[in-house]
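Below are two complexes that have chain A in common, paired first with chain B and then with chain C.
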Partner chain A sequence: MTAPSARSAAVAWLPLLFVLPLALVLVAWFVWPLLGSFAGSVHPFTPAGIDRSRWTLENYGKLGDPYYVGVLGRTLRVSALISLITAVLAYPVAHFIAGRRGRTQALLLLVYVAPWLVNVAVKAFGWMLLLGPKGLVNRALMTTGAIDAPLPLVFNETGIVIGLVHGHFMFVLLPLWAALAGLDPNLAAAAGNLGARPWQVFRRIVFPLTLPALLAGIIINFCMSMAAFATPALLGGARARMISYVAYDVNLVDLNWPLGAAMAVALLVVVVALVWVSQRLTASGRRRVVFEGAR
Partner chain B sequence: MRLELRDLRKRFGDVAAVDGVSLDILDGEFFALLGPSGCGKTTLLRAIAGIVAPDGGQVVLGGEEITARPLHARNTAMVFQNYALFPHLTVADNVGFGLVMRGERKAAIRARVEEALALVRLPGLGARYPTQLSGGQQQRVALARALVVRPAVLLLDEPLSNLDARLRDEMRTEVREIQRQVGITTILVTHDLHEAFAMSDRLAVMNAGRVEQVGTPAEIYARPATRFVAEFTGDANHFDGRVTAVAEGVAVVSVAAGLTMRVAVGDARLAAGQPLSVMIRPERVRLGAGPGELPNGFPGVVEHATYLGALTNYRVRCGEARLLAQAQTLAAPAFRSGDHVLVEWGEHDCAVRA
Partner chain C sequence: MLVALNVLMVVFMLAPLVLVVWMSFTPDEFFSLPLQAFSLRWYHEAFAYPGFVDAFVLSLVLALAAATVAVSLGFLAAYALVRFRFPGRAALDTFFVSPLLVPAVVLGIALLQFVNRLGLYNTFAGVLAAHVVVVVPYTVRVIATALRAVPEEVEWAAMNLGSRRGTMLRRITLPLARRGMIAAFLFAFILSFDEVTVTIFMTGPAYQTLPIRVYNYLTDQVDPTVAAVSTLLIALSAALVVVLDRIVGLENLGR
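Up next, the complex of A and B:
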């Protein structure tokens, strides 16, 4: 009578089979090269290539150079700013879309997803034409007399922020829309019925219940912005280099793979740490008591 | 507080959800809105709360018109069909929510939340989250959350429909007890006849956005104003016929099925030849072996007997007419299909509509 237990053991293994193909792909083409990068980062760089016979932390030491610290700082600052601006802009849009009928919702979502379907380099050149010193925006502002000299809208951090807010908007919008559309409308009605004004309904009910989705969107958006290459390279110019461009430079121009690997590992650690902290913050926020905060 | 609705109207696209409803609900009354799904009863309740803006008409609460007043300023409290408890807040925070919104002090809120949870017999569950409670417990939390703000009107939207049958019966009595204790004007929306009858002082039967009849449960059951009300509030035998003679408050009616019956019509002014509808509830129809004692007696044959335990339902054929009868089962069902019986009822067992 071993048949039932043997069978249930087989059933318990079955779900793993579904995961296996993708897991193998990830291990072969992501985890393994990542481990390779990490291994490369702890060997010294010599004119002859990587000296795998010696071990060192000097590549990580070089990251302490003010230039690299500055680049990492700019990358974090710009990515955080992009995520924040996107979050603030996405809420009203998600709320508006979630309130429409099914077909209208799908069409509006398509409009906001559309920028993602256009090549990033094409979008970047488009922004240059619009935002450049002789671009449409500056010419319009000067013609109307609003400004005397062109505003520096591209080839700096502003350009990166504008380009990436536009390019990565849907990564916050989509999870937020899904959360808002899935929210029981009776919850807002119940809060209003109990005396909550519209902004209190948002603050006490809608916002906390959609916060996990918002944070998920922000984290995706933040990671995408940290890793973005073409848009910051083209719209940031030489004055506002982000870490992706510097890593490219180090790896493919200087061919200093150990330093490049150390940069990749440092970036990974910073991003994973930030994601972990933000998730811990949401988990603890749930336990707060509302009326303990009353007068 | 007294609540008046004056010619309230609401359309959704081509559908008139509420089509000119006027009601006068008294202070402290337990009033039910009974009707099939889609009859507009929930829309009406939502219009009272201010969740839905009516297209026309007035809502008057305690003599004050509140039709245009926003949702949060109405002092009504609603218990939703799905309870709509805030999933991210504890039971205590759910119950205290309305008090926080009213700017009460922390100590007062804590005391009143405790009191409300004790009232619905859930003391000590304040620290739990709604998902950790059973359906019946969630229902009580929703009730506590509504009662704790001491609203002018308590609005109940099918509050018991998600509970299992036994718990539903218990909660009917309990909700009614609590309502008496607090003395609050309450409006219950339900499609369940027994719920409406068991809980309400008075009720309105609604159909297609209109009120068909308002009255006490006994009035509505015994004297339904329309055929819809008669059918929605239980089984009934209907006869459409014409008056052939009237004398001393009793009309002789000849109905389509070929029967002639004597029915009490009270002071109604009827003339011979006038059409009249007669309704008799099955439990008013008596079956016997004869001889007859009552003014209306017709020989018939039992077509079908359905044994229900305490009661037995019969379908009887009298000539062309088919009748439903219901009798208490004393020992065993008294008749079987094929038995010849005398079908009888009195003049006052019928309800008539001109």
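Up next, the complex of A and C:
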């Protein structure tokens, strides 16, 4: 079979026709608005609106105010905690799932993927029913006499951490599971034959081979937690505001668009930098693994 | 030890969802054991509250429109990426999935200021365009995977036999990539129907999709009317997941 080459040579502009509609939509509704944020963030905010005739970096300077530094600190701290807890829990779970048979494996994966397909507001409501002052957990503990007053499990940082560990679990679990399930079982068997104990096999072979997937999962989770909106807003309450909620207030309540745009740009720069680092880590991890495997 | 951890984690993953469903069928304001009685009280209240019904219709129309547009644009782009060799192809490939890299909050802020300048704040057109941007990376990816499985020789045969490219796409390529197209459509539908962050920046109280209505309701009060709405949303998700699983197999989605 030969390609109808003469015909396709005559229409070199054909690919353009196919990609142009989507490219135009993305330029108009994605690239242009983002550029607008960059441009908007370097003009001063005045009572009359945005003064586009003057240029300034004061919006970025305002992000250094104690209030915003506090919110940013909480956002970073909570996101780091979420990434750490998720990684510690997801690794043994991925190990367990990878060791099951086909049908059980698929069913278990479905359990972990299911919450992702449920709306974030619905999940937050479920956590309120479970962890709220009159929720199932607190009522059970008070009935049994374990506590006298309800534990503050939601509407604070604890609530955010629980909600987001639950919401983001799949994004760490799936790459780990794929890495563990894809390991050549002969590697562990060979190490065992050469006298390695199970712990040594894990530490020297399995863990290094799955480390890139683990690191990538941790960083992706960190980025997603930093930018999450509805879950922290509902489960954190007024006492534990994260950067995304404050950005909402600045843009839609204070209507201070230049400051809001500066927040968007700062968040975007941090996330893109972290994703870049994660890709470098994954790539170099693979290189090292291949190199050591060849020795 | 490992088994115990997994049992605990399965409980952790499912507990909030199970509790929402359970709660929606009780007559009580708060969760109590043993289950007192079966009641559809909160479903009556949910359907009697026009805010939820209107929001559901809006979400449905919006998700159908966004999925249709995203699948159409995604098919054209994916076809070019898979079948043609042209300068800038790799760059376009990255460009089409780049909205995935930008956090929803950042996109929300940018689009809020953008639609205000255009006078499209609180409009169907504005939200539709935003949803297309959010879901289109997924449709491009899913459809490109489906198109790679269609042998190019079949298309050559059709064209050598004299059919025009448009006819060939309609009669040969589309039917062969049907499963991928349906999967992309359902995937886009779910993502658009559930979208909260970008939408909440672009719409005010007068224009709310169902997830945003639920979100706003929860910031005011917590009562099981939301449990009834949530249970219906969970049922819708579950139904779509079963269909998706039948068509493509779920294990292929997470990658």
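Heads up, the rule we're going with is that the second predicted complex is superposed on the first by the 241 of 295 C-alpha atoms of A that agree within 3 Å, B and C clash if a C-alpha of one lies under 4 Å from a C-alpha of the other, contacts with A are read in each partner's own complex, and residues count from 1 in each chain.
By our rule, a residue touches a chain if its C-beta (ideal position, glycine included) is under 8 Å from a C-beta of that chain, and two chains touch if they have at least 3 such contacts.
These numbers were taken from a predicted model, which means no experiment stands behind them.
S.K.: Give one of first, second, both or neither to describe whether A:I147 is in contact with chain B, with chain C, with both, or with none.
M.R.: Touch partners of A:I147: none, neither chain B nor chain C.
S.K.: Given the touch rule stated above, what does A:P208 touch, chain B (first), chain C (second), both, or neither?
M.R.: Once the two structures are laid over each other on A, A:P208 reaches chain B alone.
S.K.: Which partner does A:L89 contact after superposing on A: first (chain B), second (chain C), both, neither?
M.R.: second
S.K.: Is A:A273 touching the first partner chain B, the second partner chain C, both, or neither of them?
M.R.: The answer is neither, since A:A273 touches no partner chain.
S.K.: Name the contact category of A:D184: first (chain B only), second (chain C only), both, or neither.
M.R.: Only chain B; A:D184 stays clear of chain C.
S.K.: Go through the superposed model and pick first if A:L107 touches only chain B, second if only chain C, both, or neither.
M.R.: It touches nothing on chain B or chain C.
S.K.: When both complexes are superposed, which of chain B and chain C contacts more residues belonging to chain A?
M.R.: Result: the larger residue contact count on chain A belongs to C.
S.K.: On the A-aligned overlay, A:A124 touches which partner chain: chain B = first, chain C = second, or both, or neither?
M.R.: In the superposition, A:A124 touches chain C alone.
S.K.: Which chain A residues contact chain B in one complex and chain C in the other?
M.R.: No residue sits in both footprints.
S.K.: Residues of chain A touching chain B in their complex?
M.R.: The touching residues are 184, 186-187, 189-198, 200, 204-205, 208-209, 286, 289-292, 294-295.
S.K.: Spell out the part of chain C that touches chain A in their complex, as residue ranges.
M.R.: Per the touch definition, chain C meets chain A at residues 2-3, 5-6, 9-10, 12-17, 19-20, 23, 30-32, 73-74, 76-77, 79-81, 84, 86, 89, 92, 95-96, 98-99, 101-114, 117, 129-130, 132-133, 136, 140, 152-153, 156-157, 159-160, 165, 190, 194, 196-197, 200-201, 211-212, 214-215, 218-219, 222, 226-227, 230, 233-234, 237-238, 240-241, 250-251, 253-255.
S.K.: Across the complex, what residues on chain A touch chain C?
M.R.: 1-4, 7, 12, 14-16, 18-19, 21-23, 25-26, 29-30, 32-34, 36-37, 40, 89, 92-93, 95-97, 106, 108-115, 117-130, 132, 134-136, 139, 166, 169-170, 174, 178, 223-224, 226-227, 229-230, 233-234, 244, 247-248, 251-252, 257, 260-261, 263-265, 267-268, 271-272, 275
S.K.: Applying the document's contact rule, which stretches of chain B touch chain A when the two form their complex?
M.R.: Within the complex, chain B touches chain A at residues 46, 49-51, 70-78, 80, 82, 84, 86-90, 92-93, 96-106, 109-110, 113, 145, 149.
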